[in-house]
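Chains here go by letter, A, B, C, D and E, matching the order in which they are written, and residues are numbered from 1 within each.
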Amino acid sequence: MAQIALATGFVLILAGIYGALTNRDILRMIVAFTIADTGVNVVLVAVGFLPGRTAPILDAAVPVAQAAERIIDPVPQALVLTAIVIGLGITALMLAYAYRLFRLRGSLDISNFTELKW
Amino acid sequence: MIRNVLIAGLVALLGVAFWTLAAGYVPDAELNRTAAYYAANAQTDVGAPNIVTGIIVTWRGLDTLGEVTVLFLTSAIIALVLAQSKTPPGASGAGFLPSGELLTTGSRMLLPLITLLGAYVIMNGHLTPGGGFQGGAILASGVLLMLLADPSHRFAHSVIARVESISGLAYVLVGLAGMALAGGFLDNGILPLGRFGAMLSAGAIPLISVLIGLKVGAEFSSILESLEETEDA
Amino acid sequence: MVSPVLILAIGLGTAFSLGLMKPARTRVLFGITLTALGVMSAIALGWTLALATGAAQTAEIHTAGVAPPFAINLRVGLPEAALLSLITLTGLLAALSMRAALLRLGRGSQAVLLVLVMAVSGLVMTRDLFNLFVFIELIAIATAGLVLLSQDERAIGAGFKYLVVSQIISILLLVGIIFTYHATGSLNIDDITVAPVAFRGASLAMFLLLIALIVELKPFPANGWALDIYTSAHPGFSALFSAATGSAALFVVDKVVAPAGTEWLPLLTGIGLLSFVASNIVALRQENDRRLLGYSSVGQLGLILAVIGQRDVLGDAYLYVAGGLILSHAVAKAGLFWMSSMVRGRKLEDWAALRTRAPMVLAFATFVAMLVGLPPFPGFYAKWDLAQALVAAGRLPVLTLILLGVLIESAYLFRWFGYAIKREAAENGLASNPVDCGITFATVAGGWALGYLWGNGPEQFNLLATLPAITAVVFILLEPLDARIKNGLAIAALLGWFAMVAGDYDPMRLIFAAVMIPGGAVILLASFTEKGRRLGFYPSAMAMYAGLALLLEATTFFEFFAAWEVMTLGSYFLILRGRMSEPHALSYILFSLGGAFAILTGFALASGGVQPHPIDGLQDVAAADLAPWVFVLLAAGFLTKTAAMGLHIWLPGAHAEAETDVSPMVSGILLKAGLFGLFLMLMQLGRQSLYGVDLTVVLAYIGAISAFLGAVLAVFQEDAKRLLAYSSISQMGYALFGVALMNHLGWLLAMMFVINHYVYKSMLFLAVGGVYKRTHTKLMYQMGGLITLMPFSFVSVLVGIIAMSGVPPLSGFGGRWIFYNAIMDADLRLPLILIFMAGPVGFLYLFRLIHTIFLGQLKDPHRKLKEAPVWILVPQMIFVAFLIAFAVLPGMALQKVDGYIGSIFGDQPLVWHGRAITSEFGYWNPVAIMAVIVMVFVAVFAILIAKNHDAQMVKQFNIVFSAERPYRPETTHFAWNFFAPYRKAMGFLETPVVTSFWGGVTGGINGAGEFTRRFYSGNGQTYAAHVLLFVVAVYLIAMGGIA
Amino acid sequence: MTFEWIQIPYALLTLFIILNYGLLMTAVVRKLAARVGGRPGIPVYQNYIDLVKNFALRSKISHGVMYYLGPVFRLTGGIGLILFVPTIYGSSWAQNFAFAGDLVLALYFVFFGTLGMALGAGESGHPHSAIGVSRGLSQVTMAELPLALAVYAIAVQYQTLSITEIVAAQQGGLFNWTLFTNPLAVVAAMFAFVGTMMRSPFDVVLAPQEIPIGPPTEYHSAYLALMQTNRAIFPIAKTIIYMNLFFGGATSWAEFAIKAFLLYMIPAVIGVVHPRFRVEQSIRFFLKWGLPVGVLAILTV
Amino acid sequence: MKDVDDKFLKNIETEFPLREELRPRRVTTPDGQEIEIEPLKDYFCEAAPKVHPKAYIPIVEDFYNWARANSLWILGFGTGCGAIEMRPLMTPRFDAYRYGIQWRPTPRQANLLMISGYLSVKTLKRAIRAYEQMQGPKYVVGLGSCTINGGMYWDSYNTIKRLDQYLPVDLYIAGCMPRPEALLAGFMELKKLIKAGKGEGANKYAENFATYKANQKSVIKDWDMPDYNW
């Protein structure tokens, strides 16, 4: 189960990276990166998974005393939230950049923005 | 094409690394010591049934403050990025097709519900799945709906900015208060932990959740708005 | 003491609260921002001070009221506090530097800046892996935002490229973090260190973590994105990006590598070295100033990464070394970026505009010296300790690569400095204003303060606390005074120092001291000619003299090396002052640094890491296996200074193009430093052989070849000062040969050369310089017939060449006499041939010098020339008097030295009775020689006067010209290519083998740079692919090594 | 050896003898050459007449101080060389001022006159002088090299730099001469001897028609007279050195006269049968032949 | 036949302007100042020749004259066909060396100027310069008829007829051309003159310098040198 989730996550990451590196369109690159981000998030969550356990919320189903035996690892869950938000922030930022770049050159092809080199 | 093949090769090599990771992965049978500590001390330390929220808001509160800052930064920077392209107020939106009746009416109906849901998610973050981020995002989706429904509508920038600033500042102050009154920066113990599982419990978590929610909502709104206000959006 | 977490809180709180202000009140907003940064700096500085003085203990800050590893915790120890100070101060100054852009873009940009500073500070303090990630992302986003402050539209593209790469980094980082967490069950760095590794993917997780952090450090070649940012971003921000972010990222790597374990260190070393060397090579071909700084930045980060890779051997010195390098880099780089905001043009040549403001040149020089790691800056001390540790640990290849990188770096930095000093300064090329100047000088002051602090380190020799160095610094402050006043002070300072120390020296040291210190004062007399303020001359000259003074005072390896570097640096600035000296000064400093690095390595080898190591301790290694290698390295260094053939190509240009009073200093005095070093070395190490070859024999051969080829090359020069410069090579060859003979008389010969060469070469350079002052040319064939117009100069050249060619009765003959006696003992036969050849060849060029300048036909434009300025003549006449006195009474200087050398070799081949000297083989009575020659001369002269007293004085054109009339002086003066037949017969010796060799080396390196920089195609996607390639490549290498 | 006042008249006497010997001998050599050519040749006293005539010239010019001093340097160089070298071995009075310095002094003092002459010639402003100097200096650098090597070789051989001691070591029979004890060194030295005697094939320095006698082309009257005096003295002085170093020295004036004459005849004989080398040719010649012999000499000592 | 063509004398200044390189000019010094250069004044000595008295004691002068007579150093000036007759003097058959006669390559060291053959106007200038550059006492011997009266070139527009109008000739050796024997006889004659103290041509030249110069300049139109060539 965890392996499958992990594998899925990794495949998403790889696919995202491949997409980001082969698509010259900036918007496509951004989309590819969101895919990769998603993959990362999947990996994060998958690592926190313990077989046969439940969400880390101490309610009626999970009494405090048995919490340690009943819940999955809450830390990756917390981390993934942060990761998602950060990914979101960066994606938004990239989009804004993409917009500015488009305004600048009338193009979204990343190979058109190579004035700075060597 | 060659380039793509090369990159595919690189990605494949990276995949090998990942494969090593995945293949060697054995799920833990037991909670590791950190998680175990959280599970054991959620009630006594933070008083929040939702351990994840407890981690987010308290134990790893600094991360969360950082997250909020990420959004703050993003919104500020997007405003900066798009600043030069911004059209004068009032002139924008002229080029849009008017949004449909369905959308206008639907948004009018949904908006209060969305707001309510957002508020709920925020307030119950320490009890049930949810929290400031989730709620804030929901609130912002309401704003998005409004923007979609009426592209030429202008929000009061200063209001959003104030909410953004005040909630952020308040968050920092709460953190500092933790240093002054309790165990350290961002300690939620500045307020009484209250009864475990109650609405107003878990110390400052609900307060921080609210601040986060407001902050996140405001930031998202601000981002959306900035994006929307570009001249040909 | 307030909690350091307030730095974060203030930064963040202020950033948030800026939104509450009215956006229109820009100045108030900016004021608030500055205040916040100021308070943050104050807190950081307060902690640094408290921790450094021991008033406070390392602060462990727990958040959420829970002890780690369960909640995020922060730590502020001395390194953290120092970095925090660096970061916040850089932030403050950067804010000032970017004030225009920040005011224009309003509160949002200021908030971003605050957040950036806050995040970088947080990165330094936090001990939590995931928190690291958060701060890194904050930095990434804030960076992407601040890049926009630039007016340069290309910055947007650069920002996007940066974001793309950040995405990849964050992916790797997150995967790494989560698996590390999985493996260790903790996110706390300190906790991970103690926890066992749980499964076999853990090292891979650690790899991903580390590699992501390393990519943050912009390693070569995965750094195109960073370079684009450096090129296009606002320089104020670039400073922050390089100094603060870069340093913090390094610190993070350092933090993380502790739990990762020492097996990762070689990887860091490798990446760091590759990055350092390659970036510097690429930078060689760079013409945009900011991009150059960018390459330099990534190079420096690589260097420090490599140093982090050495933490296992550095031990206690680790912080001192890494800190010294980081701070040097940060301060200098930030300063340079801030200066670049004042320079209008973006070409390196445009920095010539700095020249219009002298303090700016000082700033530039300070920063360049800091970057290269020259004294008195922290990088210098760090480099020394690093070398010691590396050699002690047997990591010579690492040291070699580091030094190679530094050398290449200094190549482009000093080339750039040369541009600034020598190139055409554009009209209005400098947008200087009080604020930017203030920022720059605050940075400069910081640099010097750090230099002092580092010098004050434990068991350290503080260069800035020595009297000579202080004097040199004082002369910087005296710059506004008139040159004549400064000159008087300088002479007084030199003489005063000599009076202070002379009593403590043994005779040999005393001779060197006399040549270097009062000798320098005599040459300085010539400087009274210069009017105005002569900016830059006195600090440079006094730095050189300070170096020389300290060299003589040095008792430990480090003191010696420090003095050596100070001397080199001072003389470089001096040489650079010459009119056409830019390329020559560059090759001078490069060769000197190369030589200095050889010395550094040699010392490190000899000391085996024990510090401080007395110079006398060198003899303890004389019997060790590594002694020959120490010998080779030290000799290489010293030979570079004496410009032995092969390492000489810097000398002719440097000496020839220097100013009139500088040439004698660098030729007459500075070259002796190399001899001094050789003496010290041979005294301690004695004969050494490597693979069965006696190294002193090799030295003797080098000396002989230098003596001969130097002379031959001098014969073919048309430029008078170049001729003298080649002659110096030849003369130093003689001295080297003498030293290498390793017998009493050989050394005495060398000492004789020390004195003689100083006197006659200084005299000749001054004379030629005086002529140059009047004729404005150094090309001999353009002069001629100046004898009647410049009789005093002529006399000094005449006496100089008689002395130099060894013709009795002047003092050069003494040298030859000792030489013959010395070689009688030696087994070296073959190199003698070259030495024998060199003598008459020397006569050739000397005659040419005097003939083509002073004799022959006077040229029209020179008909009304005046004698050289009197202050140039005064030292010459002193030298003439000395030469004659020394010729008659050589014992006054040599007898004591002879005794002293005798005490070293345990023999006494010379017997001094009365005025005569007797050796085992021959005898020499200088007084008698002088008397006989003078008597005969006077008698013959009397006869001639009796007969020819009524000779008709005729003009230069009254010559027999095959019954024709000479046409014009130019065509009647046989001067150009004077020794044409000699060239026909021996011209093959002139083939520039050495020059082509070094030309090939530099050409090769430059070509590599040109080729390599094509990697940086400018395409963000390619850059991302580079990152991926880098990661995969390192992965393959590392997994091979670690798994 | 120390100085006593009596040495001054002794030295002057030696000088006088050598001067006359030189003047006569050069004339005799010229006369011999003329006789070989079937001419009566100059009178043997012709050199004296020329000397007197040149001293007796009424008008003279001067190009400047160095021009004026050039011949003084030149003659001082010649006389000094005589005075620094012991002439007759074992003689109580023909030792001159040899106590002032040893072989090294003699070797380097040779350049004194050369330098002065070159400077004087230089100031005459005549390009031919400069060309002559250029040629002369170029040639002498290589010509002197075998001598330097040979001198080193015999100094090592005899373990002394004192000329007197070197001569002493050669006493007691023909086969004690360096010529036989160290023939390589002598051959090398003779290259230098021939090369520096300003005779064909090494006289392109003077080249009377091309660059009218080279360096001294502007000299006349008493200047020339001084230089003529030197030309009488200097070759003898040089011959004395060679004689002392390689050919057993002279124990009496007669031996001196014979040996000096024979030595002097060597370049003269070589000169009459050889055409002139160009400078670069003679440099190559010495490199090719003189230098290897010299190297062999110092390697085999 | 007059050597001087009056027509030419009139416009010497315009017809034969001073050579470019001898004209006064302004030169910039290295310091940037302009200075005036007058080549004739700056390059050459302007002094006139002096009359040198004989030695104070007559017997010394006689001794000197004897030495001078027995040490005749020739500057051969091969201006015409007569020069060919000089060569045999070096051969075994005639061998002038035995009389103390030598050839010197430079006027500075010679004291006997042999004008061997006719002089054209152009060579006269060189002959004058060579003569003036010799140091006194110095002697001039005219060789062959051409130097006496122009000989076979008596009516040439371009040949000097009487050498002693331009230089103080001590002795003419007549003949066209004179044989080497005649030359030797001439030398013997010259020796006698010198020994008798009559070889004072240099002083004569100095005393009558103005006359000689006027004569010389009247035929040599392009006088591009100082009046006396030291």
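One rule holds in what follows: a residue touches a chain if its C-beta (ideal position, glycine included) is under 8 Å from a C-beta of that chain, and two chains touch if they have at least 3 such contacts.
Owing to the predicted nature of the structure, the values given are computational and were not obtained by experimental measurement.
Each step here moves to a touching chain, and the least such steps from chain C to chain E number 1.
Minimum number of contact steps separating chain B from chain E: 2. Taking the mean of C-alpha positions as each chain's centre, the chain lying farthest from the centre of chain B is E.
Averaging C-alpha coordinates per chain and comparing to chain C, the farthest chain turns out to be E. Among the pairs D-E and C-D, the greater number of C-beta contacts is found at C-D.
Nearest to the common centre of all protein CA atoms is the CA centroid of chain C. Averaged Cα coordinates give chain A a centre that lies 98 Å from the centre of chain D. Between the Cα centres of chain A and chain B there is a gap of 15 Å. Centres computed as Cα averages put chain A at a distance of 49 Å from chain C.
Centre to centre, using the average C-alpha position, chain B and chain C are separated by 54 Å. Multi-chain contact residues of chain D (touching two or more other chains) are listed as 59-61, 212, 217-218, 221. Each of the following residues of chain A touches two or more other chains: 13, 17, 21, 47, 75, 79, 82, 86, 89-90, 93, 97, 100. Of all residues in chain E, those touching 2 or more other chains are 45, 50, 106, 108, 230, listed in ascending order. Remark: the chains found to touch one another pair up as A-B, A-C, B-C, C-D, C-E, D-E. Contact residues of chain C toward chain E in the complex are 774-777, 860-865, 952-958, 960, 963-969. Residues 13, 16-17, 20-21, 24, 26, 29, 33, 36-37, 39-40, 43-44, 47, 75-76, 79, 82-83, 86-87, 89-90, 93-94, 97-98, 100-101, 104, 110-111, 113-118 of chain A are the ones that touch chain C when the two sit in their complex. By the touch rule above, chain B contacts chain A in their complex via residues 3-4, 7-8, 10-12, 14-15, 18-19, 21-22, 25, 27-32, 34-36, 38-40, 42-43, 49-52, 55-56, 60, 63-64, 66-67, 70-71, 73-74, 77-78, 81-82, 84-85, 127-129, 131, 133, 196-197, 223, 226-227, 230. Touching chain D in their complex are the following residues of chain C: 785, 787-788, 791, 798, 801-802, 805-808, 813, 816-817, 820-821, 823-824, 829-830, 832-833, 836-837, 839-841, 843-844, 847, 850-851, 855-857, 919, 921-925, 928-929, 932-933, 936-937, 940-941, 943-944, 947-948, 950-954, 956-962, 972-975, 978-982, 984-986. Those residues of chain D lying in contact with chain E across their complex are 34, 37-43, 46, 49-50, 52-54, 56-61, 208-209, 212-213, 217-221, 224.
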